[in-house]
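In the two assemblies presented below, chain A is common to both, partnered first by chain B and then by chain C.
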Partner chain A sequence: MKPVLFPLLLAATLSAGAADFSCTVTSSKGEPVADAVVSLVPVGATVPPVAADAQVEIAQQGQEFSSYVTVVQAGTKVVFPNRDNVQHHVYSLSKPKKFELPLYNPGQAESIVFEVPGLVTVGCNIHDWMICHLVVVPTPWFAKSDSAGTAKISAPAGRYRLEVWHPRGAQAARELTLADGAATQESAVLTLKPDRRVKRPVGGRSSGY
Partner chain B sequence: MAFRIFRFRRFSTQLLVLLAGLFAVVQITVYLLVSRVNERNAIEHIDQNLRIGAKIFRRNLIERIDYLAATAKLMSTDYVIKPLLMTDESQIDRATLQTVLQSYIGRVNANVISLFSPEGKYLGSTDEKRGAENARPFKYLVEQATEKDMEQASGYSYLDGQLHVLVVVPLYAPYPNVGAWFGIAYPIDAKFANDIKATTQLDVTFLSNADEDDPRVLSTTLAPGMAAIVLRHRVNLEATGTAPVEMISLGKEPYVTLFERLDLLGEAPVRIALQRSLNVELAPARELEMIVLIISLAALATATIAALWVARGVSRPVQQLAQHTKLVAAGDYSQRITLPRADELGELATAFNQMTAGLAERDRVRNLLGMVVSPEIAAQLLQSDLKLGGEEREATILFCDLRDFTTFSEKMAPTEVLTLLNRYLDRMSGIIERHGGVIDKFIGDAIMALFGAPVAMADAPARAVAAARDMAQALDSLNAELRSEGKPTLAFGIGINTARVVAGNMGSKTRLNYTVIGDGVNLASRLEGLTKDPAYDTLIIASEATLAGITPRPFARELGEVKVKGKSDAVKIFALTAKGETKRPYSV
Partner chain C sequence: MAHPPTPALNPAGRLWLLGTLLALTAPAQQENAGGWLENLHLTATGTVSWVNNASRTSAVANRKDATTYELALSGTQPKQLARNLLLISSEEISALRVQDFSSADHVRAGARVALQHKFGLGPQATVLQASGGMAYKAADFAGDRGWTAEMGLQLAKRVLPNVRLAAIASWLEHGARSSVFDLDQHSLSFEASWDISDRWSLAGSATRLEGDIVANAAWPVWAQAIGGGFGPTVQTYYTSRPWVKTHIWGPDWVSYNVEADVDLWSVALSFQASDHTALELRKGSAYVINHIGIRYPTDSWSVGVNHRF
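So, the complex of A and B:
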């Protein structure tokens, strides 16, 4: 009985038209925070599955990952192409997905499907300064804040859990309701931890040896 | 005296110079001594510090080497680099290797990391150009380490013209098989020098070898100009063992300097100069010296004032005494010194006052003596020791006695008598003295005068006769005065005799009289008595002996002979007039 009931309920909740949502992310000092992941996880409703051909790319180029923060819906395939002139050794020891792509040469590409929602921190074994964050969320309604700290999502009306995450700090989730045809404004204030990334040694940074 | 350069006219100056001078000498000596000891101690202290600094410097280098080696060893156990080397040396993916080494740089905190083959061949570096150019000293170290089978090797060399400490550490694959060598260098630059300075408080300068074509300062904590002076300083570092510290003046500031040599890989050694400013080291001591100096000057000033005070305390009374001495010398005995002091000077002043009083007393006595006795006798008394007894000598004795003075005096008041008598005696004694006679004594209204005693004189008889004549004339003029005053006139008689008499002090031990005694004296008295005889009709009677003593013998009226008591021979006597006889008088 229950499995039959749930889709009906979902249909009832998300059947209405789209609602505009935007969230402004600032630091505790009031400065806008970019690269913050804002996601709306439906409450009490099923989530539409990810498209079968959905694919996101995290390339290695200039001994850096192409994007510092990447958000994908769970089940998305992520490709790691080496567009560099040196080899790379991409790996992660994060719980949602532990993997290793041993040294592979420029031009090669490896891909991995991330099924479990959560945070996957990716590094390069031979380049200490290379790091990127892959945020796997259980919802197709997500966005990254821009330089003004604003993230815009268009989602069906209904109840959601708002989650805001940033490599240097996150905010506790809270529930909200998006009304049909109405724009909802939210704001999130993050207490940012210091940026502890390994600084990339610049070739010839010093006058001598 | 030969050794006396200065002669002090004032005692106070002398005392001042002596006290203040001595004090200043002591203070200056102490100051200089302390200053010298301080400086010597400072130099010794710096010497020690420099040697400790040298050790710290070496220790620091060793620690850097150990640190580099330890971190390099960590890298050498890292897996990721190994797959890159699992290929022929010529096939190594250098681009990836370079990025891997760059990744290590972040871990090791080195500027450049290079990789060398087990034979020391350059494989790659974080900086391809520099790595390849500076491969030689690393190769040298790798060869050295391989040869001596060392787990690491280190040394000093120029890289890009800058002094570096170099370390090579093997990449074991697996241990103890050496798969490759990491080469790491750490610059011995101004930052390094400043680190040393921060720990040791010493200035550090690295200098290239003095024999190079263009010697230069490699790095220093000093100002460039100062470092250039150190660079020009020639020092022999060939000798082994510890070199003595040297004093180098940098911008007028003395620096105690210790030179050390640092051997390079296959190159001439460089020099390290460790220095410390003597002034900085001495600053606390100098501050103390300044305080000592101020105290010394204050003490000197106090000593000077004290010396002045003491000197014045001494010299002023002395000056006062000197002033009084001059007064006393000039005959002024009236002044007395008041010096309320309990010390020797006070005693001196008291003694001086007593002396002045004594002198005044003596002078007073002398004056009195001169009045009481004749000045000649007084002189005789003062010159010779007062003693009883006398000497026999020839003298002329003159007796002069007022006639009937006893009855005369009964008619007048005693004071009037005395006044008249004094007036008379004053005239007479004046005449006698004028003629060189000496008043022996006044006997009431009578005068006894001596000629030729106590001072012997050849013409004593003539003087006596002349005096007698003048006296007679003087009596006439006195009588004229008395008559005009309505007073009774005076008359006298004079007897003169010349004889050998005993002259000297006579009397008791406590009371003496200078006088003459003898028959001759008695005769003179008798001759005076004879003038009362109207038969002789004369005021003056002289004996034969007196007249015989005068050359040429004066004319005189012979009065005959008189018998002298106690002598068998009679004595011829003569009458003399007041005017004196010019021709032979008639004889009676």
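So, the complex of A and C:
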């Protein structure tokens, strides 16, 4: 995934000073959770619009999606290049954006703009194990947790609603305030549901008698 | 006595069918980008099996157990023809070696096409698949060499993302040089697979097969059967079926063809060692009973490794 182009304009109602925010996401067993989406949605303030050229890529390569979890601001264009040498049939049945790219040949690169915030689960109808999640958030201030479970965001001081989401669980949103020039640390504990992804088959076995 | 060969498919028919299969596989090999080799997805499988009554013999004292080694290499190419229609072409070559009974060894090579219709989107959509295949069996014993044609119809559905059920109806015909090895079989199978975790899977199948099978007997037993020593029913039936001395399972052993009903089941536990490699432990059983009530139970344990390149 290419880095998201953050808008440079900040909302007028948020303080001009920046604040550093970090959130550590762990499971109920205390283990760090990677790929969790942490977002700060301004409360009572106008959200700056997404940059006109904001673009993110989710490629199909090696019969997998290039990223399991991708997060974008609403209004971002997402490109789905097929870098495999086989066809794919990319689709989503999710409410925020239902779409389908059938007969999707190698070398093709269709793009879709995701306007409505929410979770969009994307799959391939030929290769059932191919699945990824696109989290469309109504804010430019978001991050994905790393392997240590840490997500870092730099945002203007002000009041926010902290939202934490992961494909296997989410935490109820809560409000917090970022002070000008101060570093704020939060933690989120997720109760992870079992991973029910379709497993990629390794090989077949001939049958017969 | 040995009946003359009665191939089920004449040579022109076999060539036509193989040509059709190759022609159908061609579009799948001509993707917009990349050549045929680039688009070929290869899987190799190696399996060692310990088979009880590998000789498929009714007389308990004469049954021959064997260890078998099988290597298979297969290539697959999918091609989406329409929104919900997928053509899957595949080719496979396999070699089976039966330890201590080399006349039972064989190499098999063939091609298969499957047309798959998915009723909707997503992994839990129901899938209907019709398939046809053609393979040549180059058996060590010349009489068993010949062409095998297969057709199948499969209805499959994932009831959960990690639980898949399938019902399969299939038909197989093998036209061998010797009519003893000609087969005409049809079967109905039910399969279930459960991905227990990221690495462990459990699969099971139950099959009812009806049709011809090849069984084997030591000469003293066979001589008694066709001589009336086991009664007129056995004598009448066995003398009406093709048989020949093949020596496959021992000196003077006989192979003979009978009509039978077969109940097969198998359970397999597999462990995915990496993204490309899986190990499998399988227990299989076949309960064969021919049309005059003679039984040929067979069962096996096998361990295998699958590798996707």
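Brief remarks on what is shown
The criterion applied here is as follows: the second predicted complex is superposed on the first by the 188 of 209 C-alpha atoms of A that agree within 3 Å, B and C clash if a C-alpha of one lies under 4 Å from a C-alpha of the other, contacts with A are read in each partner's own complex, and residues count from 1 in each chain.
Everything that follows uses one rule, which is that a residue touches a chain if its C-beta (ideal position, glycine included) is under 8 Å from a C-beta of that chain, and two chains touch if they have at least 3 such contacts.
None of these values were measured; they are calculated from a predicted model.
Of the two partner chains placed by superposition, A:G181 touches none, neither chain B nor chain C. Applying the stated contact rule after C-alpha superposition, one finds that A:P49 touches neither chain B nor chain C.
In the superposition on chain A, contact of A:G123 is made with chain C only, not with chain B. In the overlay built on the shared chain, the residue A:R196 is in contact with chain C alone; chain B does not reach it. In the superposed model, A:G107 makes contact with chain C only, not with chain B. Of the two partner chains, both chain B and chain C are touched by A:H89. When chain B and chain C are set side by side, the one touching more residues of chain A is C.
Residues 85-87, 89, 102-103, 125-126, 128-129, 198-200, 203-206, 208-209 of chain A lie in contact with chain B in one complex and with chain C in the other. Interface residues of chain C, counted against chain A in their complex, comprise 31-34, 38-39, 41, 43-45, 47, 72, 74, 77-80, 82-84, 86, 92, 94, 118, 121-123, 125, 158, 160-162, 172, 185, 187, 195, 198, 201, 207, 209, 213, 262, 264, 268, 272, 275-278, 280, 286, 304, 306-308. Residues of chain B that touch chain A in their complex: 80-81, 83-84, 93, 95-96, 98-100, 102-103, 105-107, 111-112, 126-127, 130, 134, 159-160, 162, 164, 185, 187, 189.
Interface of chain A with chain B (complex): residues 63, 85-87, 89, 102-103, 125-129, 198-201, 203-209. Interface residues of chain A facing chain C in the complex, by the touch rule stated above, are 85-87, 89, 91, 93, 100, 102-103, 105-107, 123, 125-126, 128-129, 195-200, 202-206, 208-209.
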